[in-house]
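Pasting the structures in now, so scroll down.
Okay, so subunit A shows up in both of these, paired with subunit B first and subunit C after.
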Partner chain A sequence: MTVENRYDVIVAGAGHNGLTAAAYLARAGMRVLVVEKNDWIGGAAVSRSLHEGWTYSNCSYVCSLLRREIARDLELPKYGLQVIPYEGGASFTRDADYFAYYSDHNALKREMARHSAKDADAYRGYSQAIMRQCRFIRPFLLRDAPDPASLHPRDLGELAYLVKKAHGQGSRELGETLKFWTMSIGDFLDEHFENDLIKAHLAGSGIIGTGLGVYSPGTAYVLLHHYMGDIDGGIGAWGFARGGMGAISNAIAASFKDHGGTIHTGAGVEKILSKDGRVEGVALEDGKVFYAPVVASNMDIKRTVLHHIDAAELPDDFTKAVRNFKIRGSSAKLNIALDRFPNFPAAPEHTSFLRGDLHVSQSLFELEKAYDDWKVGRWSEKPYIDMLIPSQIDPTMAPTGAHMMTVFVQYAPYDLEVDGVRSAENWNEKQRTAMAETVLDQMSVACPDIRERVVHMEVRSPLEIEREVGLTEGNIFQGELTFDQLFFNRPVPGWSQYSLPIKGLYLCGSSAHPGGGVMGAPGANAARAILRNETRHGRMKGYAA
Partner chain B sequence: MSQFDAIVIGGGVNGLIAGTLLGRRGKNVCIIEKSTRFGGMASYSVDGGPTLAHSLYNLSPRALSDIGIDPQHPVLSGKPVSTVSLSEDGRHIVFKNDGVYWSDGTKHPESSAWSDLTQRLITYGSLLRQLAEAPAPGGQKTVLSRGGLNEFLRLAKLGIGLKKLGKSEMRRFLQVVLSNVHDIILDDLPEGPVAGLLAADAIWGSATGPRSPGTVFNLIYRLGHGGIITQPAGGMSALTDLMVEAAQKAGCVLMPKTEASRILLDNDTVSGVETTDGRTITAPIVLSNLAPKITSQMTGPSVFDIETIRRVRNIRACGTAAKVNLRLKDNSPLPGLPEQLANERLIFAPSVEYVEAAFNPAKYRQMSKAPVIEAFKVQTADGASWLSTIVQYAPSDLEGGWTESAKEKLAQTTVETLSRSLPGLGDHISGKQVITQDQIESATGAPGGHWHHAEMALDQLLTLRPANGMARYSMGPKGLFQCGAATHPGGDVMGLAGRNAALAALEAQP
Partner chain C sequence: MSIFTDPKLGLIPGPFHKKLEEQNRAQNWYDWAGYSAPGVLDSVEFEYFALRNQASLFDISPMHKYRLTGPNTTAMLNRLMTRDVRKIGVGRVGYAIWCDEEGMVIDDGTLFHLGDNDWRLCCQEQMLTWLLDAAWGFDVSVVDETHCVAGLSLQGPTSYAVLEAAGLDVSKLKPFDLSQIHHDLMISRTGFTGDLGYELWCDWDKAEALWDRLWTGGAHQGLRAIGYEAVNLARIEAGFLTAGVDFQPVHATERLHRGQTPFELGLGRLVDFNKGHFNGRRELLSKRETPRSLLMRFDVEGFKPSEGSLIYNRRRKEVGHITSGIWSPTAKRNIALAHVRMPDASRSSGLKAEIYTLQEGKWDTRMARLTPVNKAFFAPPRARATPPART
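Our next item is the complex of A and B:
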């Protein structure tokens, strides 16, 4: 062993969470190595140029959830991160009308009244309810989830904090919170609104990235998962990172390197080495071996445990629980280079809402039916699409006059059904093109000339997302956000505090509490757990170097 | 001076139990019922056909003994019924208490996996039963009252019970209760009829499919009293007759053909009930076995705050289970079914995916094209043989409404589906009764014909049942209580809602 291949901590995977954990640990004075299988860093928060002149945010495409505490701690603005909020969005109808969502409250109210006076009145109550839930949940994101079966003082302390926060709401609000957390976004919206288009517009955030339909209980929470972020203090606001989502990863990486961190790209982890229940390091695909007493895996729990660790090193019931962990691919992505701005015939000229998220779903039923298609292994006949043209705000994404469009598509199954056989292997060029055609048809509801505008198009099915980024089944959250996989159940009961059954092995990706999104919280929380468990007076325990 | 100490509106199972319990505690009680028969949904039938409910699996021994009925009473000590999952190739699967068998008596390979899973859920069910036998936790005004103390003790008992399971099993419990039945079943069992039966048992009566999160709770609820299925000797009406008898013995005055039109109030306190035929019955306590919405309409909305009215309006209750009774030409054996299985519970649910697919159309106000079916062969008092079936999904808000042709289509679908396993069943049928939600609603008052009066979903359970702030049976004006299936713990022929409500009413007595 030489000093060159020894580190205090090795992080497997240079996604935004892996980099966040690494950056925190480097700042705490540790010698940290990040290893990454791709030649580039960022995982699913990445900007890549696949067609000259255009930059794609290939996977994640908008930013809101990144915790501001993390941006502050790691000084991300100093390292080049700029997030520009966009205002509003719209859902287009099939008869050349639209419902526009403005961040300006009065404009939104007027627009809602155009569709339903009753809904315009109801909006205040709706947004108050959502905002209350956001306020309630935000403090928990950067804390550990207590283990209810443990009597450890820290668990009891966290449990007491939870009880205090919950009880502090008062019994009426506590009841509303319990109800909100357990109901479906469809039922929640039905309670407030009557207009199909408005409901469809608002429901999207409740299903993005999940294997659930708008009427599946628990989707109201998923909505929250997309609302609890903020940009410069504006809770629920979304924006573009200048230079694409890769800018976030790049800023974290720059912060990391500036504090002495090392990133090794181009070779993924082949195996996480361990001996006598203690982690020793990692062996890479290119034959290199690095040693460290602590390894933090940014890979999802299934990939980490089932593919890169000897099963013999782990207790059987743990492995079984991991095998039963649900990671379901449900979304696809189209990244499109446009020769010029597409025509939206329904939209008024110079409107602001085209700079936001655009949709074409007409009703909750249409969204629920899209889910039914997915359940039997087909992509939705009328998928939910979330399309944005960031180049309107960020000129770095496309050549002058041209534009870049990102289209999130749901639902698309991982195990595609073709001729009665369900398999991921069925995703080939033909199927991808056929799915893209379905999506383009759906998009032409908003912009009929979309097909003529396409210069280059990247189509990513769940299989491509899995192959390139490493996310099992292409699930963007590294695991379903259902009650049985959240909080102290995430990723599996008993292991919700980042450590895994092998000593020194940690999980720092979205499979861990509080879950997915470009949030950074699992990475930051894992770093805290590592510092707490593995150091004594600021020095690594049991590490001679 | 009031005529009675308490009035119970609605003589269904919960109403009878609530009234009887109060009567046995020395109250002068009157139970009014709009139809001629007591027993509500449990014993509702059309023209002497089979009753709406046709088996017992969740009846609470505690509720029974509280009203003076011996849980071992001859009517109730019928032989447990096995469940038969009907197969299209004639290899039916029989579920007994000790395992799963093929119809030829050999052990099914998934038997032990099935037993393990059901046993675990039954254990969870018996833990949760402590919660079912008392008002839902939360909402006690003062912690230092007797009620507050009792509640604390109950929760502590539950906590200790959980702890006793052991650390890993306790963690598992906290994960499983929140999960969906599709995942929990398929984690342990391969897709197929054994898994399909469990999926079916998780969705009866409710507007959910196996993939809906929270459905494991429904399955646990069903298994809360051990999961043993029986049929009362003499049919469901024998059971309700027994309850009527117990009510009379407790001194209750039973008034059939008496429909409440208004709940009378005096200065925000209940003073009695006005009936549709203009009579006034007075009492300081009224227990309503009706759904919360109807109850609130009977008092008028002005006695509730706006929040309560909004919540009551938002209670979801879309019934999905229709009753299709097929009259058989004679008592000859059903085609394709071995003689010894003739009187067992027959289920058509060949896989989890089948159950989920059956649910899909119901979401869009359509009936299932291939429904999930539970069937019993029964004999009515007139000696006629029937196949009494519960057919799911048949949503109460069917697009176009439950017209005669829609009902005919449902009956036809039922026969066609059953014929897949019982070939030639159609030739044995001489008549049909289709009882859909609208009819159940108008006959029994259950909103949407829903057999739990309010959907059993995680956001409408325990402290949130029937709605936030209403979980402790009292509702609005002083002296008004709810005692129906919409309240905690919920429906089925179980009786705990009525029992808990009566105890709450007694506790509130000055």
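Our next item is the complex of A and C:
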């Protein structure tokens, strides 16, 4: 062992959470190394140029969940991060109409009334119900999930905080909360609204990235997960990172390096080394070995535990629980370079809602059918699509006058069925192209000239997402966001506080509480746990502390 | 005549009013020196982000503008201003302040050096009487151009690209340079936002044509007309002061001791004692070391904007107040400008702001720690790059 290959902490994976953990630890004075298998950093928060002049946010494509405590602690604006909110959105119908979502309350109410006077009136109650849940859950994002079986003072303290918050809600609100956490988004929307198009528009956030249908229990929480973020305090607002989502990772990395951190790219972790139940370091694919008493894995729990640790080092029941962790791939992605702005014949001229998220799903029934296709191993015949043209707002993404489009596609299975056989290996160029054609057909509902506008297109099935980013089965959240896998059950019961059964080994990615999204919270929380458990002074500084 | 139809009452339209009215969805007009000016045209948030991310147009025509010409103009201005205006070359713009004989700041503004002994002063407060008084004994003519020169502030990272698309070449303009593009259009690389940006000056009756020209060029650059509320967020991030908010122009105060010296406003760098006599010099020499308070920049704990909060020291004694306080959407910090009395301002540790909040019918208060900040809250490198970037 030499000084050159010894560190205080090694972080495996330069995703935004790994970098966040690393940046906090470096600020606390630790010598930190981040290792990354790709030649670039960012994981799923990445910007790449695959066609000259255009930049894609290849994986994650919009930003809201990133905790402002973290942006402030790590001084991300100083290191180049600028987050820009976008306005509104719309769902287009097949008969040249649309439902537009405006950020302006009055405009939204008038638009809803155009489809249903009752729904326009009901919207206030709906949004208050959601906001009440957001208010309840937001404080927990940057706190540890208490272990309910533990008598440790900190767990008791966290549990007391939870009870106090829950008690403060009153019995009616608490009942509402428990119901909300377990019900389906379809049922929740049916309780409030009557119009199919409005319901379809609002339901999207309940299924994004999740292997569940709109009527599957637990999808109401998934919607909440997409609402609990904020931009500058505007809860539920979404935006773009200027320069693409990679700007977030790059800013965190710059903050990290400025505080003495080192990033080693181009070689992933082959093995997390341990001896006598204590972590020792990492061996990389390129043969290099680095040593540290603490290793934090930004990889998902399955990849970390099942592929990079000697099974003999781990308790069997833990390994079994990890094997059963649900992390199913359910989405695909198209990134498109456009020669100019596509034509949306239904939209009025100069409308603002085209700057937001655009959809073409007509009803909850259609969305549920799309889920049925996925269950049998096919991509949806009429997929849910979440498409945006960020280059309208972010001038850095495409040449002047040209545009960049990001299209999130749901559902697409990981283990694709072809001729009665389900396998990830079935994803090939032919299948990807066929899926892209299905998606382009679906997009044509909103913009019929889309095929003529395409200059370059990147098609990513769950398999590509797994292979390139490293997310098991291409699941964007590093594990599904259902109640059985959330809070003190995330990733598995008994191991919700970032440490794993090998001493000195931590989990700092979205498989840990509070879960997926470009939030940074798992990374910050893991850093706090590492400082508390592994250092003498033990205190993290900043708002995320 | 009924007061309801009296044409002399109310606000009057400025040179860009028709254009602004077309875009005014918020119906939010305010009184800027008698003109109806937009506080918000659409939404503060999206106007602000046009400014910081693409390009924004803000009508600054109601600013007071005075043209000073004649053989003694530079000498007269040097007697009036606290800084040495001889250092502002022809084709340059300088930020300046001027004081009364007590050393109290009358106003701040920008001085455009248009030609030999040819200057324009642009400021917030009315200044004609004071300029005429100051010009007494000098061979200088003072003309109020407020109502004949229109001004348009084009700010944001794509502002250079907007001008380029409109066929206006400003690639060589450095910050604080000005250029007479043609006889009825002047462009200066100036602004009140701390970002890349330009101010365009033309005759009142050429205003609409200029607006249209920019708009045609800016179609692909995300150009957006904006109101004052968005500009205000940007200027606080840049750490710029607003007259009547962050300082009291002494000519606009009845309580004369409410005036402030340049040193109290953190503008000591604009006072040059070596250049010869100027208004307020004697008093400023004696007041230099004894400021009563300091205008400070703070990073405020938490996320609640602190505007209007009182400031307390460690012993819970009230020692100042926040003049401007916002959550900065770009710096992602809770920022504030504040007056803090001496000696607490020089110690400046242990200060807290008492912030009041109203949420769903319940008032609350919280004490937020204040951390002094020396530099601007937001000062992007793109604001200084020449030639400027297009995005």
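One rule holds in what follows: the second predicted complex is superposed on the first by the 537 of 545 C-alpha atoms of A that agree within 3 Å, B and C clash if a C-alpha of one lies under 4 Å from a C-alpha of the other, contacts with A are read in each partner's own complex, and residues count from 1 in each chain.
In the analysis below, contacts are C-beta pairs under 8 Å (C-beta built on N, C-alpha and C of every residue); 3 or more make two chains touch, one makes a residue touch a chain.
What you are looking at is a predicted structure, and each value in this text was computed from that prediction instead of being measured.
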| item | value |
| --- | --- |
| Superposed partners subunit B and subunit C on subunit A - clash or fit | fit |
| First, second, both or neither for A:Met183, with subunit B first and subunit C second | first |
| Which of subunit B and subunit C A:Gly218 touches, first, second, both or neither | first |
| Partner chain in contact with A:Glu87 - subunit B first, subunit C second, else both or neither | second |
| Partner chain in contact with A:Ala311 - subunit B first, subunit C second, else both or neither | neither |
| Touching partner for A:Arg242 - first (subunit B), second (subunit C), both, neither | second |
| Partner chain(s) touched by A:Pro77 [first = subunit B, second = subunit C, both, neither] | second |
| Which superposed partner A:Thr482 touches (first subunit B, second subunit C, both, neither) | first |
| Per-residue contact with subunit A, leading partner among subunit C and subunit B | B |
| First (subunit B), second (subunit C), both or neither touched by A:Asp147 | first |
| Computed vertex angle (subunit A) for partners subunit B and subunit C, CA, steps of 10° | 130 |
| Shortest CA-CA distance between subunit B and subunit C [superposed frame, angstrom] | 20 |
| Common interface residues of subunit A - those touching subunit B in one complex and subunit C in the other | none |
| In the complex with subunit A, residue positions of subunit B that touch it | 138-139, 163, 167-168, 170-172, 174-176, 178-180, 183, 187, 208, 211-214, 307, 314, 316, 353, 356-357, 360, 363-364, 457-459, 463-464, 468-469 |
| Subunit B contact footprint on subunit A (complex, rising order) | 147-150, 171-172, 174-176, 178-180, 182-183, 187, 191, 212, 215-218, 317, 324, 326, 365, 368-369, 372, 375-376, 482-485, 488-489, 493-494 |
| For the subunit C and subunit A complex, residues of the former touching the latter | 43, 45-46, 49, 52-54, 157-158, 161, 220-222, 303, 327, 329-333, 378, 390-391 |
| Subunit C partner contacts - residues on subunit A that touch it in the complex | 68, 71-72, 76-77, 82-85, 87, 103-104, 231-234, 242, 392-396, 400-401 |
